[in-house]
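To start, I am sharing the structure in question, which I have written as structure tokens.
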Amino acid sequence: MTIEQERARRYAERLLGLHTEGEWHQRLEPKMGSAAPKIRNSARMTDRAINRRWEILGSGEEVRSELLDARSNEQRERYRRNIENFVGTVKVPVGLAGPLRVNGLFAQGDYYIPLATSEAALVASYSRGAQVISAAGGCSAMLLNEGLTRAPGFIFRNLQECGRFLVWVTGQMQAFRQCVEGTTRHGRLIDMRITVEGNHVYLIFEYLTGDASGQNIATFATQAIHDYILSHSPIRPHRSYVEANLSGDKKASAQSYLFVRGKKVTAEVILPSSLVESQLRTDPRAIVECWGMGAIGGVLTGTIGVQGHFANGLAALYLACGQDVACVAESAVGVSRFEVTPEGALYGCVTLPNLMVGTIGGGTNLPSQRACLELLGLSGEGHAHALAEVAAGLCLAGELSITAAMATGTFSKAHRTLARGKRSPRIMGFA
Amino acid sequence: MTIEQERARRYAERLLGLHTEGEWHQRLEPKMGSAAPKIRNSARMTDRAINRRWEILGSGEEVRSELLDARSNEQRERYRRNIENFVGTVKVPVGLAGPLRVNGLFAQGDYYIPLATSEAALVASYSRGAQVISAAGGCSAMLLNEGLTRAPGFIFRNLQECGRFLVWVTGQMQAFRQCVEGTTRHGRLIDMRITVEGNHVYLIFEYLTGDASGQNIATFATQAIHDYILSHSPIRPHRSYVEANLSGDKKASAQSYLFVRGKKVTAEVILPSSLVESQLRTDPRAIVECWGMGAIGGVLTGTIGVQGHFANGLAALYLACGQDVACVAESAVGVSRFEVTPEGALYGCVTLPNLMVGTIGGGTNLPSQRACLELLGLSGEGHAHALAEVAAGLCLAGELSITAAMATGTFSKAHRTLARGKRSPRIMGFA
Amino acid sequence: MTIEQERARRYAERLLGLHTEGEWHQRLEPKMGSAAPKIRNSARMTDRAINRRWEILGSGEEVRSELLDARSNEQRERYRRNIENFVGTVKVPVGLAGPLRVNGLFAQGDYYIPLATSEAALVASYSRGAQVISAAGGCSAMLLNEGLTRAPGFIFRNLQECGRFLVWVTGQMQAFRQCVEGTTRHGRLIDMRITVEGNHVYLIFEYLTGDASGQNIATFATQAIHDYILSHSPIRPHRSYVEANLSGDKKASAQSYLFVRGKKVTAEVILPSSLVESQLRTDPRAIVECWGMGAIGGVLTGTIGVQGHFANGLAALYLACGQDVACVAESAVGVSRFEVTPEGALYGCVTLPNLMVGTIGGGTNLPSQRACLELLGLSGEGHAHALAEVAAGLCLAGELSITAAMATGTFSKAHRTLARGKRSPRIMGFA
Amino acid sequence: MTIEQERARRYAERLLGLHTEGEWHQRLEPKMGSAAPKIRNSARMTDRAINRRWEILGSGEEVRSELLDARSNEQRERYRRNIENFVGTVKVPVGLAGPLRVNGLFAQGDYYIPLATSEAALVASYSRGAQVISAAGGCSAMLLNEGLTRAPGFIFRNLQECGRFLVWVTGQMQAFRQCVEGTTRHGRLIDMRITVEGNHVYLIFEYLTGDASGQNIATFATQAIHDYILSHSPIRPHRSYVEANLSGDKKASAQSYLFVRGKKVTAEVILPSSLVESQLRTDPRAIVECWGMGAIGGVLTGTIGVQGHFANGLAALYLACGQDVACVAESAVGVSRFEVTPEGALYGCVTLPNLMVGTIGGGTNLPSQRACLELLGLSGEGHAHALAEVAAGLCLAGELSITAAMATGTFSKAHRTLARGKRSPRIMGFA
């Protein structure tokens, strides 16, 4: 988080050219005077509630109509369980990538993938990668592991109390499973792990959550366990919390990467040299050299895993399909790898340990998001595992396309052509 | 990424209960047969192009109308520079949080913050935090540093070549600045850093990009420098890439955290004990104990920095305001800290080193996204620094609210009430 | 790994002031000519072998006599299984710290701890901490987990082969246990974990190794398993390795930190305020504030865990007691924490997940190292668990002493007094 | 740090088979009774002081004579500035590796490297690697950067105070340089970096320390700056510390890895295919495949950088040559890389960002340690840069040898032959 002193000095100088030190001091000062009117927290969707919010904002009609357009207004009841203090909707353009052929344990077939983004070239790049993969017979994909965690924390007075608690708690799995059953139809407690740090004990509960991404399921189940512990433990903690920040929720973490959070998937493809040449305008060795420098580059920057751009594809897919986009913070880690096979073909694979996806619950019920899932053929029960495998295949497509773009020097040009709106007779051959 | 063998064994067993090993083998096998029709990469927004895409999908009218509603269809030209293979828009509900009083170097005043999310309770929680901060006179916020990076890579044959290149390249800053000037009005090259790893040389170019988030600015400028190097360097690299994965783009990385990517902001608030009691139903010491266990929890999971939930607020703000949501992967790192002051008040602060925000360019030009920026009062030139400070203040509000919810045991209940659609006479007192 | 360009430029300038670019080029050039005579790899301890080595070196008698002094020469046979190409011994001064009272699951009583180091003030600082802890009744310590890992790697052609291998390998634990039994008396296979990354499969075998640190036990046992796999697996890997760098051996790693490598111990102490004042010349709150800033400091630098100085105590203990000092690289991670208790006392704890210690085998058989273990009362069978708990208690003593030194501003002075050889009437009150 | 519940349960069960819960409770309980006699902190080397220590220990003559042998006793005055509470010395066997030809900016020629270790096969393995490198004309090595850091911390009341401090402190570099000059002949302040985290300000001072490793130089210089700040800053901090755990001292950290701590060196070698075959009994592609799986293995475990075994070589070299072995914790990070060149040769390189080495001061003055430096030809002034390059070359030799051992399946056998004392007619062909 550090700043080189010379840069800091120049910045201080620049600021002091704008205002005196006293003025800056004044700007930072807390100011008690009367605040603007409060937004009153509410899930209400009545005209009155919504109008009241817009009145407070005092925005012009043009602004309001962009958010609270007629259709959003009509459909507002459908958003009630997903938002508070509703004022309208934001619209994100959706483009299609594919088809992507996935030969997964769960996903099988050719998928057209809706991607919501405002970054020019993103959809085109993923689509190119998907089509190259499909031309080679598709990618193989394996869901390897799954589990969603919540981690309550318990503070004791000393290690003796911790010890007594540990002896007790390691005998309670059956009781905990029963607590969970009372809170959920979809969820099932599958494991507990224990972390002791001095007089702090964290319990990590791991659940299967069916086709739901399952954050709420895990929270409610863990609350029940937590309450059971407080009423049954032979030793009462000084403090306890339903979540003590050990679940890794919405943060890239070594722990989620090393265990699993959500779904862990690996996907691979083998591209014959001829296909790399005809479709990506380069050769397997050039791809591997470019990936090699980038992989070490990732290592040199201290990322969790090494990869190029999982975040781009995942954010666009999550957004289109009603997944929790905040989870991109944890999902966009993992490893991609390219090699030349002994036969001279290009081997590529990605492994994503923390895919947070579901096909029921959460944002999947919203109208346009559900439409995207249907378009993908993965809406509703029975599709979460396949969605995870498709997400991994999509990331593989992205890694392939961007590495080829870097290796052939066309990355920058593709972005320029598309983002600056210059029509190009042929944008296929690029990024 | 590891899986305990007993769990792996049970999973294998479960799979073999569904299909034979041969069938699974068959599912994973690449399949050459005819693929589904390709989506032809294009930024075209003509009826014909869009219809052609929908024909390929073969979706029913209901699905199509959710994405390609009348208004999205009318406005489609406005999305042309942000998407390819357009088929419509996805709509995400927007709720208001605030007001949040920010006493920043750049942001000054009370802000109503539009948050786009599908997670129940998120807006209510951030809004509660914002209002408590405002009741204490607001948070102070300081933009500390800024800079956007691109990192081309050069492969040489050996260290002798690297050495020769390094001697030359360290004398070229003036020339590189001129290269950059030819590519951008907003961007300015401010620094170069060098990483040598054996015969690989990475150059990290750092830019100021005005009020744009600046990814494209940095890419185009770096391409120009890269091309200049290839034509002027006394020693020609074996291979070179405009980006060798050392910029940290869209990945949580130690490097971006330790230097800066985008904008680095710190924000703080001091809440009198009476306010903590009346508004958050707890006391400063309880907040600090809860934060303390969670901070060590973060350390124990191996996150980059320690924090509770930056991703939630940032994703919702980025999405509403046309920022690149994929950047949540890198922005949602940093540190939050709570302490009891010698006077018994609650001190809280957050520091975010990698805020990727801009108020011009990219997604900020889209209709509803621009409306959100206008609603926030931060649309267009001259507002990017303030937006970064508001984003940090928002994260502080979130940390405060969620820590209070954990400390008082109301976290789970708040989610249940809102996500399950039960009306509550008073949802203020929760999360 | 990065270097700011201005610094690089100045460095290049400085170099070019010493030699021309051509001369530097020449220095870096591989030079084929005749090399100096080779040292012939041998564990031989004969006069002839040793003399031959010294002849090659051509050192004067003074140098030789410092390494190959009479006693080292006499005892040389005792080093035969621990060194090749022997030329003598290096002598490291040993100081005593303590007594340290440890109330552990395994360690019980007052320990005088031999520390081998060349850093002035180190022994004095640890000894002060140990005595303060003892004055409060000693530290409590709990061995929490143990296990030593080796991780062979298998490369397959594709995911289908991996899948087939995984199904088979998850059914082989019994067979693997039998393989292990043939190789070791002390070792026992307790777990296997599996990591799949595309067509690469890593197996992590975890062992208990009795009172030995156990690196060789784990290696030989894993070789047996590896060979069994090659001859029995229904699918033959393209390549395989007995260790594929997934064990975390001798590297600080998130994995070892999150699971265990060697022994995981937590230790705590509660110091009454009066004791902090009389012995450490400060008060609990000041200690906690200093720790607090340092803990965030650790978080800001991106360490694995947060701590002050585990490496100092561990390196000195490992060296004195015949442990593998290279393992300091992995052992010196973990968490220390200080708090003020509700009663106003100082609570302190450390947690070390990767202590690599043993009381038999390896360097514990060397004469002076065994003497140190005996002095400590922990030589031979039955003491490895206690040694791990003592090591944790020692680290707690160090954290306490250094934090107090930082908080009271005496850190620098203590080092100056001791390292510069100024006699001080009273060096107790310092570091 | 987590423990799977089933394992925790079994462990609890095992413990309860040894003692009752009440007995365990009793063992962990602090015990106030009379402690063993204290070791009185002292650098004294008088007979009386040393005898007093041994009396307290009550060890038998045999133990005492192993530590306090005649020669150690005679030379005891030479240890006075490096140890307190002296009771003797521990002897570590030293073996020779080499010759290693280094073509460095600073190191030039063939080096015989003394390695102190108790791990069988270590010396033999490094020596093999060194000889292969020498046979190819030696390795090239470049010192890339150097700098030693200390990081005082300052706590302010709020951001306004921080801001005022920052404006002042960024104008004080000249004054700080003068402070430093008063404390050291060898040290020179070369940079300051600033980290702001809420109301905490850390300053990172970076020094050149000549041929000394320089920890004490940096500490004393920073104390002087710290004191100057306290007496001259326009705003007085609430608390301040000469080191706030932001220097990375003796801890593997992303920060030290990304900047520099001590000396940063890169070294490379190109081995013709014929040499790999004749000396290492394998071929370049096999080495690269093995490295490739191990590199991803390192990435999967979350190490800082990727490498095989830097710790082994560094610990043995540091120990022999009087370096601070605790620094292995920070030095043993970095990157190693192997590739097949377009010509089919093996390219290998290592990059170590944090080598903490010096040739004057600290442990380099001790008798046998100085002898090792002399044997290496790098004792005293003017040799620290060369020592850093030799250290990097040594690590490269180790990486090469161990990767070859893994690739050819001889790793385990070599350890068995040597550690178990079986004489082998030819141990060259192994590890």
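Labels for the chains are A, B, C and D, by order of writing; each one numbers its residues from 1.
Keep in mind that, in the parts below, a residue touches a chain if its C-beta (ideal position, glycine included) is under 8 Å from a C-beta of that chain, and two chains touch if they have at least 3 such contacts.
Bear in mind that the values here come from a model prediction, so they are computed numbers and not experimental data.
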- Query: How would you label the chain B and chain C contact, same or different, if same means the shared numbers make up over half of all numbers there?
  - Reply: same
- Task: Weigh C-D against A-C on C-beta contact pairs and write down the one with more.
- Result: C-D
- Item | Distance between chain centroids, defined by C-alpha means - chain A, chain C (Å) | 37
- From the C-alpha centre of chain B to that of chain C, how far is it in Å? 38
- Geometric centre distance via CA averages, chain D-chain C, whole Å: 11
- Listed in rising order, chain B residues that touch 2 or more other chains are 1-4, 8, 24, 28-29, 140-142, 144, 158-160, 163, 191, 195-197, 202, 254-255, 257-259, 270, 295-296, 298, 300-302, 304, 306, 335, 337, 351
- Over in the complex, which chain B residues touch chain D? Could you list them? 1, 4, 140-142, 144, 158-160, 162-163, 196-199, 254-255, 257-259, 266, 268, 270, 300, 302, 335, 337, 347, 349-351
- So in the complex, which bits of chain A are touching chain D? 1-5, 8-9, 12, 16, 21, 24-25, 28-29, 158-160, 163-164, 166-167, 170-171, 173, 191-197, 202, 204, 254-255, 257-258, 292, 295-296, 298-302, 304-306, 335, 337, 339
